[in-house]
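Read from first to last, the chains carry the letters A, B and C; within each, the first residue is number 1.
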Amino acid sequence: MIKKWTITTDSRDQFFEITDKIKVTVLEAGVESGIALVYCPHTTAGITINENADPDVKADMLRRLDELYPWEDPKDLHGEGNTAAHMKASTVGSSAKVIIHEGTPLLGTWQGVYFCEFDGPRNRTFYVKII
Amino acid sequence: MIKKWTITTDSRDQFFEITDKIKVTVLEAGVESGIALVYCPHTTAGITINENADPDVKADMLRRLDELYPWEDPKDLHGEGNTAAHMKASTVGSSAKVIIHEGTPLLGTWQGVYFCEFDGPRNRTFYVKII
Amino acid sequence: MIKKWTITTDSRDQFFEITDKIKVTVLEAGVESGIALVYCPHTTAGITINENADPDVKADMLRRLDELYPWEDPKDLHGEGNTAAHMKASTVGSSAKVIIHEGTPLLGTWQGVYFCEFDGPRNRTFYVKII
């Protein structure tokens, strides 16, 4: 079973929480035990699992990623000027895997699943594949 | 089949090798062919696969990660002061996947599987899900 | 089903595109729906999914990774002198997951799958496991 989701991000860099969408998909699939692969088909965005309690963590992480991969870099050759977004995408990765246990995603107490926007705002797509 | 493991880490930053625990789990599962998903349910720790021959590699990697993501950063907003650990967690990722082939994990000659502690020492948990 | 591929890389750092090899493997497997796990058994190389349209993106990314993880670092203890390659490997990760949908890999318009060489040139191996 595969489900395609569409979201609209709000800014250039954003951790857009999709935990509830994963839960809904797993529930719809009716699978007791397995894995949910959350997949981002874009090259300037990614998926990560991290803290969903204090929003300051997200703000700190986006700021630190931006310091690590500055948007403006005179050495970049790529004409679109978004090499930093490609770097961030490969750093967090294009997918995340969640264990399905007793019919529900097995996440840690503080874990949330995030669609990571690095070149927004845009309409974006992601897939949840249940196996 | 899913197995939950508990470990105790020794320092703030540590690559704690769990290769043997993965092997034991795969053996117990009695699966000839498949995938083992090694999953970390914490947000200040992760899982990576890297060299297990020379311990200097681990020391170098932890030092370089610390230089990249300094523990103290006056711009961080997060009150717990462990934003660096969250950064490291999303960089290495929350899970690793290992191929099971002929009843055993198919790892490269120099590969080991590591639980990456970034905010220890602590009691920690990880899961191995066999599919 | 598992397939082992062998490639020869051309330089120390290289994004070697393997998208076609993934497609061939999926076709050979004859699987309508599932997941392809692309796995790198080396510790100084990795797998990532990123843009395959403008080659400048690859050049920029390799240059930025090299700035982030300089090859020469007097603090490194590891005798082989390739700690930077190990860092890059854990940053991009040792595997990538691709959804198989209607008999073919479900990749985004601009996505390609890359074997990431960080300590070449060398003969290298990777696996594609279909589940």
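As a convention for this text, a residue touches a chain if its C-beta (ideal position, glycine included) is under 8 Å from a C-beta of that chain, and two chains touch if they have at least 3 such contacts.
Quantities reported herein were computed from a predicted structural model and do not represent experimental measurements.
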| item | value |
| --- | --- |
| Homomeric contact chain A-chain B: same or different residue positions, threshold half | different |
| Copy-to-copy rotation for chain A and chain C - C-alpha atoms, rounded to a multiple of 5° | 120 |
| Distance from chain B to chain A - Cα centre to Cα centre, in angstrom | 20 |
| Residues of chain C touching at least two other chains | 68, 91, 93, 97, 131 |
| Touching residues (chain side chain A, partner chain C) in the complex | 2, 37, 39-43, 68-69, 73, 75-80, 83, 86-87, 89-91, 93-95, 97, 127, 129, 131 |
| Chain B contact footprint on chain A (complex, rising order) | 33-35, 48-51, 54, 56-57, 59-61, 63-65, 68, 91-93, 96-97, 99, 101, 106-111, 131 |
